[in-house]
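There's a structure below that I have some questions on.
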Amino acid sequence: MTALLSLDAFAVHYRTRSGPLRAVDGATMAVPPGSITGLVGESGCGKSTLARAVMGSLPDVAKVAGGRMMFEGQDITHLPERARRHLRWRRMAFVPQTAMNALDPVQRLLGHFFEVLQGRGGLSRPVARARAAELFGLVGLNPDRLADYPHQFSGGMRQRASIALALALDPALVIADEPVTALDVIVQRQVLDVLLALQARLNLSVVLVTHDMAVVAYTCDRVAVMYAGQIVESGSVRAVLEAPLHPYSMGLTHAFPDLQGSEAALVPIEGAPPSLLNPPPGCRFAPRCPFAQERCRTVPPPLVAQNGHAVACWRADEAVALRGLAAEPATWAAMALV
Amino acid sequence: MRRLLLDRLGHLAFVLWAVASLSFLLFRLAPGDPTLNFLSPTFTEETRAVLLRSFGLDRPLWEQYGLYLLNLLRGDLGMSFLQGRPVLSLLAEALPNTIVLTVVSLGAAYAFGIVAGAFLAFRRGGAVEAVAIPAALATRSAPEFWLGMLLLTGLAFQTGWFPTGGALSPGMPAGTLGSRLVSADFWWHLALPALTLALYLQGLPLLLMRATMLEVLSDEFITMARMKGLSRWSIVMRHAARNALLPVATAFALGLGASIGGNVVVETVFGWPGIGRVLVEAVQSADYPLAQGAFVMIAAALVLMNTVADLAYAMLDPRVSVGARR
Amino acid sequence: MPCWTRGCPSVRGASAVFRLLRNEPFAAVGGLIYAVVALVALLAPLIAPYNPREILRTGRRVARYMPVSAEYWLGTTSSGRDVLSQVIYGTRAALLVGLTAAVAVVAIGTVLGLLSGYLGGWVDKAVTRGADVVLGLPFLPSMLVVAALTRPGTAVIIGSVALLLWPNTARVIRAQVLSLRERAWVDAARMTGCSSTRIMFVHILPQVLPLAALYGSVAIGWAILAEASASFLGFGDPETVSWGVMLQEAYANQALSRGAWNWFTPPGVAIVLMVMAGFLISRGSEKLLFPKLAEQ
Amino acid sequence: MRPVLLTTLLTTLLSTLAAPAGWAQPAGDPVRALTLLTLPQALSPQEYAAAELVAQSWKELGLTVTVRPLPSQQFNQVVWYERNRWDATTWTMVGRPERSDPDELTYNLFVSANAANGYDFVNYVNPEYDRLAQAQREELDQARRQTLMRQAQELINHDQPYGFMVHPKSLVAFNRTVWDEKTTVQQAGLGIRNFWTWIGLTPKGAQKDIIVNSTTVPTNISPLNIPGAQGSWATELIWDRFMRIGPDGLPQPWAAESVTRPTATTVELTLRDGMKWHDGSPVTIEDAVFSLQAPGIGDKSPMYKPFVANIQQVEATGLRTLRITLKRPDAAFLVSSLSKLNLAPKKVWQPILDDLATKPQTAESIMEPKPLGSGPYRVVSIVLNEQIVLEANPDHWSKPKAGRWIMRIMPNIEAALGALRTGELNFLTDYTGDPVLLRQLGKSNPAIDVSDSLDIGFKFVGYNQRRPPFDDVKFRQALSAAMDRETLAADAWGDAAVPANSWVSPALTFWAVPDILNKLPGKDLEGARRLLKEAGYVLVNGKLHYPAGVKETTPVYQ
């Protein structure tokens, strides 16, 4: 099964006064068709930049600095803007982080749909209107409210509307960037349920960018864990969540409550991700890793895949033992003293 | 919306009353009296007494005030001391000229400012900006009469391309506003004063447009529009400009009100027969009813446009109007 | 009083100003213009070749319309006064009118904005109403009427600018105060027993001053332009040596027809530069105050 | 030169000696800082410049003098109603055709009866002058009246209640490619800007409109109102008068075919035949009688009332004749009344006056929608701040050669000059700007003809004799002598003025005292110093002090 989207040592750098900031620095991952892939990591680790790079709408100061991006068998790494524009929304769509500002405040919802369906999809006005109503229905919104302005919607409704908007032109891939982060837990579930249902029904591929392991656990088939601009572990959700190979993944699984709100103690990962202007020479997680050794600090570990489960850690062989230690809060707390 | 409207109208009435009263106080408590205009070797104390009585200035102040408010409500601004005609009819002659001058120059200034401001927002940080912004600021910083005289000297006195003043060529029938508006002669006379004002006024819309445009362009929905594969043109026109225009439109309404009184200087330089000049002439010659009438009318225009600006904002920005409906 | 002074972010002010000067060429140019003007004003008697009011003579006749020469660097006026000396002394009037008016606008606007924003209630209502009424008074016409009916001159111009322009400042300050008073450190100050007056003037005031100063720097420009306009219409104070009065004299005496560009141009350029300096500074600091723009 | 130098040396020496010792010549209090009121530069750059030069001269005498310009309204307020408050002020008397007879000014300016509230605002009081002024008014013999008038001028020369500055020249210009310059008419004391030019001016080509300018807005154009100098140019054209001041400065019959004075107190008029109002209806003898009576009805025409105050009775004596009976003999009646009163239609103004009888307003405040007269031009339109358009009245016995007469209101004098250049104006009538520029234009542009003529009006500094030391004749003489009139005329008025020392313009050769300038007491700055010294004033450290024993009790003008 060839991947719908695949990244190979993909890098995006920001131009700053103090030199290039390596927001994404050698990310390798693959998104199979018809699946939901979670892209998980702390804030500032480059997941949003990666998501935007896929959409081909990086800010002016950012540029692709290396690697390769394939989409539907086509190398789109350096695709000219015209061709890129052709793909957008028709083949790949985007559900933004905070739907409040993502919708033009002075345009009615219907206007947003018209813009896409008429302007990009070439539908006639009546057809577009019908399609908009249908899409609203799909995400569980009353089509009557198409005439409303964005601010008249609640957060959850806005997010549903954004999903509907993303599906407007039947894309193969939907990138959802923290789609539920700003919502409360109950609404989060509702919105995720909508997403899940639609994914199944339309056989979509979804990349779900989130910092919340619980969301990944609830929705995703596959997951890629990102740290300091790199993918450190990827694989099926079951494999990565139940048997994480990378200490960072281990830490993450303990750092979040699940959506059911289990009572297990939460263990924070001490410290902050390294500066991407000047990343550490070896494993980037080494400074925060309770299991780091000399080699970890000097030589970057390669991403090695086994049975579809890839990890970049020198001590991946010892994962079973380390998992045990990682479950102890004391292991992580000790790092706070260093 | 209706409640907002009612609220604004009530507010409007209050401000109008306050401004009218202030202007009454201002004019009546000032030293000097209008009989001073009539000084001639044949002027006597009796002459003065007769004149004072004829102007109604021999009555107690509160009585004059009451009468003034009552007349104002009836739209009666009294008789000009010096022109022998009702103030209202004199103002009715002058006001259209001022409105045309204001609307044309403000329109030109905003049309230019919006386009140039939007352009500068795109070309942020470039060499164009380093030249254009100081240039826009400089024209806004120049005293209008100075600018006007430079233009007059260059484009009228020396070259004769434009007339030296007035609104119509000598002997052209004054006509109605409508007939003026279709007369080429009128527009030819309008050109220089309007250009002077426009040069003075363009700075604000330009900078405002640029600033709001920059702000809007950084909004998430602009990024989203790009992701939707919309063309740059459509992004600018449908999203950025529409949002950025909100404050600019409000500023336009405010500017309209402020300019009606602010044209005084330009009207004097170009001999434009507008309401600003009526005010200055009347003030200088102590023609109280005329000066007061002109002042109240200018103030009313200002207050009215302030209210219009409020309402315009509410109407243009769905967030405000819907909020008010609830 | 311990209160919360350290917790307030106002300490950032000084370094921000420094950064501004380095990173903001516009604001730096504006500041430079102000500095030069202030210096010239201070040293006027030393730099000016003549007394600006002195009627210079050549023999018995008045030295009218002398062209640019080594003796008169910018020539003389129709009444035989040295143009350069007048331009130099004009800096004093510009600073007097500009700064006094700006300080007055900022003071009135800030105090009323503070009171109305912090105290709310009837104070707020009264101030907002008052502001609305004042905003309903047309600026130039009101100033002209007051000048014509009282005594024309600098005081009336300064007074008019102060009395007519405060509402803009007050409105902005009020909005700012409304948001500041909800901040945690204000609550904290209130709980540690600070009085309302102290909270307003010791804690909130420093927070809103940069914003007020922004309006002040624009008011400097307004005051100078207002002085020029009033002088032009004959309501200025011809005894003071100011650029506005100079322009008015040049206009009234038809300097342009005389070809006396050396007389008509310098005061106009001086006004443009001075007013522009205010705009430049306020444009520069806009980034300080609206960091959202600065991120671009 | 020598003796002058010597005196200077002596005076300075004396004063420096006197100063530290204090006993050489005993001195009174220092004279307070004096204030010279004037109009703002914006309104009158020449007058303002003159005030500064006068102040500079006075400073040479050891006085402290401040020039204080006031906006016109406040200026009038202070001078007129706060007569105890100010020290000295500049002032202007404008020239009008009716002032070709000096009676009006002679009487009103200096007669003591006018000191309290009237035009003698400087408070000049001299019974001998009062006698002369009254005598000339009642003297019908021109030669004897001339003597009286000259005596009055000599007296004023001695007393110097005013420091006369200059008689301005009125500077006008016209486009000689449009107008035949031979058809302009010079009028004594007015120049070519006069009624006779407006009806005689003949176009050379297709442009038949006389386009003149005014820098100020004329007030209400009405037969019962005096609308300022500029407005009067229009009123003269719209309404006929019984008599007109001719180019020679003497009254000549106009609407009246003949005017006779059978006795000292009666005047008989015969109205011209076939006169019509602009609406085509005939001008009747009732209209004529009404026009002589109307200003005296009630208090409705305060401006014109003084001109009919001496009329006892008016009666129609035939279809075209009427007789006026005066209360007292009045030498100037033909000039100041018959040449001034407008012939107004009774059918229009009787109802207006009747209506006003119960109202506070005066007739001056009424303007007809379209003013109706019988004059050589009729009204087309009047727009405030824009223009007054008149057109030739084809039915008039003295039909103008021009087509229309248009007055443009142009506050910007520079623009007026530009408009003359571009042809937007073809007759520059109101030029308050720099005379040099207009003369230059006349030289460089062959189409522009510039002409100047001596005005009947004059500019002066009034000394407020209520306030010491202005009550002292010697002090006033000294101030007047110190003014350098040549420099004033040259530098303040740009040579468009001649030095003055009387209210009677040298243009009125019959009335003026020849060589009155040379009779000025003291003559110059040196003379001024001498006069002060004679009167006991002392210089201490360069500051002028009162004579010994005199205290300064008058407050400084605030």
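Each chain carries a letter (A, B, C and D) given by its place in the written order, and its residues are counted from 1.
Here is the rule we go by: contacts are C-beta pairs under 8 Å (C-beta built on N, C-alpha and C of every residue); 3 or more make two chains touch, one makes a residue touch a chain.
Please read all numbers here as calculations on a predicted model, not as lab measurements.
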| item | value |
| --- | --- |
| Chain-chain pair with the highest tally of contacting C-beta pairs | B-D |
| Most centrally placed chain, judged by C-alpha centres | B |
| Averaged-CA centre spacing for the pair chain B and chain A, given as whole angstrom | 55 |
| Chain B and chain D, separation of their C-alpha mean positions in angstrom | 39 |
| Distance from the mean Cα position of chain D to that of chain A, given in whole angstrom | 92 |
| Computed distance of Cα centres, chain D from chain C, in Å | 45 |
| Where chain A touches two or more other chains, by residue | none |
| Where chain B touches two or more other chains at once, by residue number | 31-32, 149, 157, 268, 284 |
| Multi-partner residues of chain D (each touching 2 or more other chains) | 43, 71, 73-74, 414, 417-418 |
| In contact (per the touch rule at the top): chain pairs | A-B, B-C, B-D, C-D |
| Touch list for chain B against partner chain A, complex | 219-221, 223-230, 234, 238-239, 242-243, 246, 316-319, 322 |
| Chain B-facing residues of chain C, complex | 26, 129, 132-133, 135-142, 144-146, 148-150, 221, 225, 228-229, 232-234, 244, 247, 251, 256-257, 264, 268, 271-276, 279-280, 283, 286, 290, 292-293, 295-296 |
| Chain A - residues contacting chain B, complex | 55, 57, 85-90, 93-94, 96-98, 101-107, 115-116, 119-120, 149, 151-152 |
| Complex contact set, residues of chain B against chain D | 31-33, 36-48, 50-51, 53-56, 79-85, 90, 93-94, 149, 152, 156-157, 160, 163-171, 173-174, 268-271, 273-274, 277-278, 281, 284-286 |
| Chain D residues within the chain C interface of the complex | 40-43, 45, 48-49, 52-53, 56, 66-71, 73-74, 413-414, 417-418, 433-434, 436-437, 484, 487, 490-491 |
